[in-house]
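In the two complexes that follow, chain A is the common piece, with chain B as its partner first and chain C second.
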Partner chain A sequence: MGASLIGARVERKEDYRFLTGSGQYTDDVALPGQTYAAFVRSPHAHAVIKKIDFQKAKNQEGVLAVYTGADLANAKVGGLPCGWLITDVNGQPMKEPPYPSLAQGKVRHVGERVAVVIAETLAQARDAAELVQVDYEVLPAVVDPKKASSSKPIHDIAPNNTCYVWALGDKAAVDAAFAQAAHVTKLDFVNNRLIPNAIEPRSANAVYSRASQDYTLYVASQNPHVERLLMTAFVLGLPESKVRVVAPDVGGGFGSKIYLYPEDVVVTWASKQLNRAVKWTAERSESFLSDAHGRDHVTTAELALDKDGKFLAMRVKTTANLGAYLSTFSSCIPTILYATLLAGQYTTPVIYCEVTSVFTNTAPVDAYRGAGRPEATYVVERLVETAAREMKLDPVEIRRRNFIRQFPYQTPVALCYDTGNYEATLDAALKMADVGNFNKRKEESAKRGKLRGLGYACYIEACGIAPSNVAGSLGARAGLFEAGEVRVHPTGTVTVFTGSHAHGQGHETTFAQVVADRLGLPMEAVEIVHGDTSKVLFGMGTYGSRSIAVGGTAIVKALDKIVAKGKKIAAHLLEASEADIEYDRGEFRVAGTDKKKMFGEVAFAAYVPHNYPLDKLEPGLNENAFYDPTNFTFPAGSYVCEVEIDRDTGATRVAAFTAVDDFGKIINPMIVEGQVHGGLTQGIGQALTEGCQYDDSGQLLTGSFADYCIPRAGDVPQFQLDTRETPCTHNPLGVKGCGEAGAIGAPAAVMNAITDALGVKDIPMPATAQTIWRSMQKAA
Partner chain B sequence: MTVTVSMKVNGKPVSAQVEERTLLVTLIREQLRLTGTHVGCDTAQCGACTVHMNGKAIKSCSIVAMQAEGAEILTIEGVAKPDGTLHPMQAAFKEHHGLQCGFCTPGVVMNALDFAKSHPSPSEQEVRESLEGNLCRCTGYHNIVKSIMAGARTMAGSK
Partner chain C sequence: MYAFQYHRPTSSKDAVSLIGKKPEGKYLAGGQSLVQAMKLRLSSPSDLIDLGSVKELSGIKVSAAAVEIGAMTRHAEVAASAEVNKAIPALAALVGMIGDRQVRHMGTLGGSLANNDPAADYPAAVLGLGATVAAGKRKIEADKFFKGLYETALEPGELITSVSFPVPKRAAYMKFKNPASRFAIVGVFVADFGGKVRVAVTGAGPCAFRQADMEKALAAKFAPESVAGIKVKPDGLNNDLHASPEYRAHLITVMAKRAVEAALK
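Up next, the complex of A and B:
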């Protein structure tokens, strides 16, 4: 073998099938006897269901069944569980209202499922669904999270529509620090609600076998084992051994495909009732209405500083909109994954954050790329930049005065950062962005009648949420480890099974690089398998940029076991002491000699054990490992954004965007850059174009790509990227994760640049041309 | 009402019974089982369903199958050589990491193939404008732009 595969720009193994149309996404799966489901959805945000008349629909040609909430209740199908129990400021558990798969007597958001029609063809199912008559008694809707606590309850068990009031930090110490401050910067803002919009709509296709009495569910999921666990143990009451969940090629997730959704439950349950395969694929309008949304915080944030710009304390009060029901991980996003990140890259000694999470008549809200951490970064980096402007300090200098420089560093909000070098990424970003010549570019823009602005964001991220026991003590109802299996075949090729899941991240390539590098095998000798509970031993799936740090480490642990067993076999074959065997690049060698056995020879001996220590060692070469990290990983970086605003129209162009990230060790820089490009674009989308809007009656106003603008190619620049490296100290690969960084850091950088250009304290996101134009008219 | 439609798809004559309202994309995916053409939005905005009809890139979700009567249709499955060798545009996407989840990719490639015919050496700006009708949520377009610029040049050079 030649050079190391770690750090190599290896082209992706998965690309051939995607480029030739041979990918297999859930909607591409056609099963024998396939039937199709169409859901009848509520047109009202809040209403009592008085009557459902589906007889006409049922009589249509090709219609096999119509089911409503009553059928699920009679069958004792349970509600969808929430995976994280938050305990409130008074020590009480959060309010957990039932989340039925089909509405039980009441609907609580537009798009909620009221009935399902299953027919021989999709057209028949959709036509018949139009004929289902539902009588509603419409109730007033609660849409604005700030008005939720003073409105009539949506759920009987949650007075004031409050799920919990939760807090983190030392309030008394923070209040005392504010009393001593030379300067206080205060901002009120909304972290705008987003709709994830993976380009592949959600899809589920289930089949039941009477012969083996088991189910197979194909589903567009980021975590098939979690989907199976939640569905079997909490909803359908089935043994896990009787349910196989396959998440084949998945066309993007960004968080929205982590969760167990009602449609998945309904098609799985219905497949047994009908003894037929039942498929449902969302239309895009259904995605807008019923995928879990993201963000939606209303926040007041304050930063206390001394006269030199040193941060003394931070105080944050947030109202988080959870929507109508608790989606799978909704409760932990605005709490555990938000308040804990408020130290950012700085030595702020005391921080207090209070979060009130409320129910409203809107779609459920859960993790979306970054999940809590973009909201935290927005708070910190908007405060820091605003404070610098108010105190007439250079925004770069104020950051330098407050950077954490000693590691490990215990923050006042529970996390302990193991490593980092914030100065290094900032210095590199300043240079790459040519900040020194910004004023020249600003003058040049002014000559063309444009306003140019410069903004920074220095973010911190916490990836690979762990360890399980700590998370458990904070309310997690699941483990946070990852599993891997390395199966060496008799001829020395390797199949690796991982519990993490790829839906665009390129694990089949990156993980193969890790395996091939560690075993000294060619890439072609390594296959990565994921996404099928019947193949992979277990897994928690992919979210929170955890795959390489947690999933990759599980694989490394299994590889270590393979090499350890290989040494025993080689020692026998070479008639040497096991302690004298070294493994290097595909060869087991007796140290200090030229005696060696190739990896393939050892594998062959393990499966054809004619010359083998059978009295001491089992045949075969196959190892599992589970890895539960001891800490989060902490990627960090510095972003510099330049915008140019048209004075006449308010339209903003991102003129340049520079991102210098520290992801620890990087396995495949090409793939990592792609992750950053995508994250930055979603972050720029949040800042400039994306904003979910409901009207006061709870109707979704942004229900198509014409109304909800995810960035198009013309909305973003070519990015300037670089990296700096402080390896993670607590995993063997030294990796930290890179999937969410761009979406975390970009919104603050863009908004800092826009407010700089306009010379205003704040502008709400998304800063559309209209918003900016109105702001300029008001100022003039 | 069902009707018979006949056309050439990827060079092969095909004939199928469809309802009059059946979309071209539905015929391609459900009846011909060519599932490389995807549906991402139902409203002609995302471009995942882009195919060529008589040599021009069209969104196959926005016409009914009957409108393609007698037409020559090219889908992503017909782009590589019969022996499986990637077309230069496909190869450029692989080399420049112009795809991640792969869902928008067939539509983006089909659009790029049509665009490259008239733009042998496109600028970044021209490529970005050509992508107005294709949405990608993974790549931030950065590497799609690089891929199309490179692919177009290779196509022009190999003529």
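Up next, the complex of A and C:
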């Protein structure tokens, strides 16, 4: 073997099938006796269901069944569980209202499922679904999270529509620090609600076998094992051994496919009732209405500084909108994954954050690319930049004065950063962005009637939530390890099974690089298998940029076991002591000699054990490993954004964007760049174009791509990217994760640039042309 | 989508005759609005009379005085036409801004005009150039064609066959796009016929309309400053998520000024 595969720009193994239309997505799975489901959804945000008349629908040609909430209740199908228990400021558990798969007497958001029609064809199902008559008694809707606590409760068990009031940090110390401050910067803002919009809509196709009495569910999911665990243990009351969940090719997730959704439960349950395969694929309109949304915080944030711009304390008060029901991980996003990030890259000694999470008559809100961390970064980086401006300090200088420089660093908000070098990424970004000549560019823009602005964001991210025992003490109801299995075949090729799941990230390439590099095998000798509970031993799936750091490490642990066993076999074959065997690039060698056995020879001996220490060693070469990280990983970076605003129209163009990230060791820079491009684009989308809006009655106003604007390629500049590397100290690959960084850092950088250009303190996201025009009108 | 009968006539005579027998039927041109509405179950025609095989409805004829475009001519063809680009570059440019590449390869002039979406681009050119819409033998002046929100002068079953655009001395179209849909939030088409000036606005009202005060000012002096100071009244202008009437009114002035600048270049 030649050069290391770690750090190589290996082309993606999966792209041939994706680019030639040979991918197999859930909707492509056609099962014998396939039937189709169409859901009847609530047109009201909040209503009592008085009567459901489905007789006419049931009598239509091809219709096999119509089920309502009553059928699920009679069958004792449980509600959807929430995976994280938050304990409130009074030591009480959060309010967990039931989350039924089909509405039980009441609907709580537009798009909630009221009934399902299953028919021989999709057209028959959809036509019949229109004939289901539902009598509603419409109730006033609670839409604005700020008004939720003073509105009538949506759920009986949650007075004031409050799920919990939660806090982190030393309030008294923070208040004392504020009392001593030379300067206080305060901002009130909304972190706008977003709709994820993966290219592939959600889809589920379930089949039941009377012969073996088991279920197979194909589903567009980011974590099939978790889906199976939640569905079997909490909802359907089935043995896990009787349910196989397959998440085949999945076309994007961004968090929205982490969760167990009602549609998945309904098609799985119905497949047994009908003894037929039942498929449902969301129409795009259904995705807008019923995928879990992201963000939606209303925040007041304050930063206390001394006269030199040193941060003394931070105080944050947030109302988080959880929507109508608790989606799988919704409760931990605005708490555990938010408040813990408020130290950012700085030595702020004391921080206090209080979060009130409320129920409203809107779609459930859960993790969306970044999940809590973009919201935290927005708080920190908007405060820091605003403080610098108010104190007439250079925003770069104020950051330098407060950077963490000693590692490990224990923050006042629970996390302990293992490593980092924030100066290094900032210095590189300043140079790459040519900040020194910004004023020249500003003058040039002014000549063309354009306002140019410069903004920074220095973000910190916490990836690979861990360790499980700490997460458990914070309320996690699941482990946060990952599993991997390495199966060496008799001829020395390798199949690797990972509990991580790829839905665009390129695991089949990145993980194969790790394996091929570690074993010294060609890439072609390594296959990565994921996404099938009947093949992969276990898994916690992919979210929170955890795949390489946690899933990759589990594989490395299994590889180490393979090499260790291989050494024993090689020692026997070479008639040497095991201690003398070295493994290097595909060869087991006796140290200091030219005696060696190739990896394939050792594998062959393991499966054809004619000359093998059978008295001491089992045959075969197959190992698995579970890895539970000892800490989060902490990617960080510095972003510099330049915008140009049209004075006449308010339209903003991102003129330049520089991102210098520290993801630790990088396996495949090409794939990492792709991840950063996507993340930055979504971050720019949040800042400039994307904003989910409901009207006062709870109708979704941005329910299609005609009104909800996700950025196109032409809306973003050619990104200038670079990396700096401080390897993670607690995993063997030194990796940190890169999937969410762009979406975390970009919004603050863009908004800092816009407020700089306009000379205003704040402007709401998304900063659409009209929003900016209004701000300019107000100033004029 | 609901079930419908599909027809594919090869002459406009057959098409018109078919629709006469199908009062709940609709012509299918490029299908870029109708098919979406059908997929969303917002439209349920009993019959679709596909005009895709009616060859006589497609094509571009350019003379010194006018550009005549067949109703079924796809946007991409108009945008790429060397003759249109030479005769009325502003028209080719406008068509090149419609929707996206896929839309432009399916969408047609006749379909766009018959639909009369308030934010469509083509009506600005038709009205701005004072074009004549031919529906068979009947000729309808642009000023009489656009009647209101999705409303035109077409009679039930009447079929647009072509549109004749007079060649101006100079013209330009400026569009402020809805970032999501890429339709016009405000689009302004300015055409100077040598002393006679037409200014047509799309996206801002229930349908395209002319801006008389700007026409007068530009007829006196065809220069950006003639319109820069004209404040448009927001009354009656569209109000949606993306733009208030006040913002649209402001954008009309900005886009008109820029269109004049572009026309003079």
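Just so we're on the same page, the second predicted complex is superposed on the first by the 780 of 780 C-alpha atoms of A that agree within 3 Å, B and C clash if a C-alpha of one lies under 4 Å from a C-alpha of the other, contacts with A are read in each partner's own complex, and residues count from 1 in each chain.
Criterion: contacts are C-beta pairs under 8 Å (C-beta built on N, C-alpha and C of every residue); 3 or more make two chains touch, one makes a residue touch a chain.
Model, not experiment: these values are computed from the prediction.
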Partner chain(s) touched by A:770 [first = chain B, second = chain C, both, neither]: second
Partner chain(s) touched by A:701 [first = chain B, second = chain C, both, neither]: second
Chain B versus chain C as contact partner of A:199, first or second or both or neither: first
Which of chain B and chain C A:671 touches, first, second, both or neither: first
Contacts of A:649 with chain B and chain C, given as first, second, both or neither: second
First (chain B), second (chain C), both or neither touched by A:689: second
Partner chain in contact with A:102 - chain B first, chain C second, else both or neither: neither
Touching partner for A:709 - first (chain B), second (chain C), both, neither: second
Partner chain in contact with A:251 - chain B first, chain C second, else both or neither: first
On chain A, the residue positions that both chain B and chain C contact, one per complex: 123, 285, 705-706
Chain C - residues contacting chain A, complex: 1-3, 40-41, 176, 178-181, 183, 241-244, 247, 250-251, 254
List of chain A residues in touch with chain B within their complex: 11-12, 14-25, 27-28, 30, 123, 197-201, 249-252, 254, 281, 283-285, 503-506, 670-671, 673-674, 677-682, 704-706, 710-714, 716, 718-719, 742
Partner chain C, residues of chain A touching it in the complex: 123, 127, 130, 285, 648-649, 651, 689, 693, 701-702, 705-709, 715, 768-770, 773-774
In the complex, chain B residues that touch chain A: 19, 21, 29-30, 33-43, 45-46, 48, 75-77, 79-80, 84, 86, 90, 93-95, 97, 99-106, 109, 124, 127-129, 131-132, 134-145
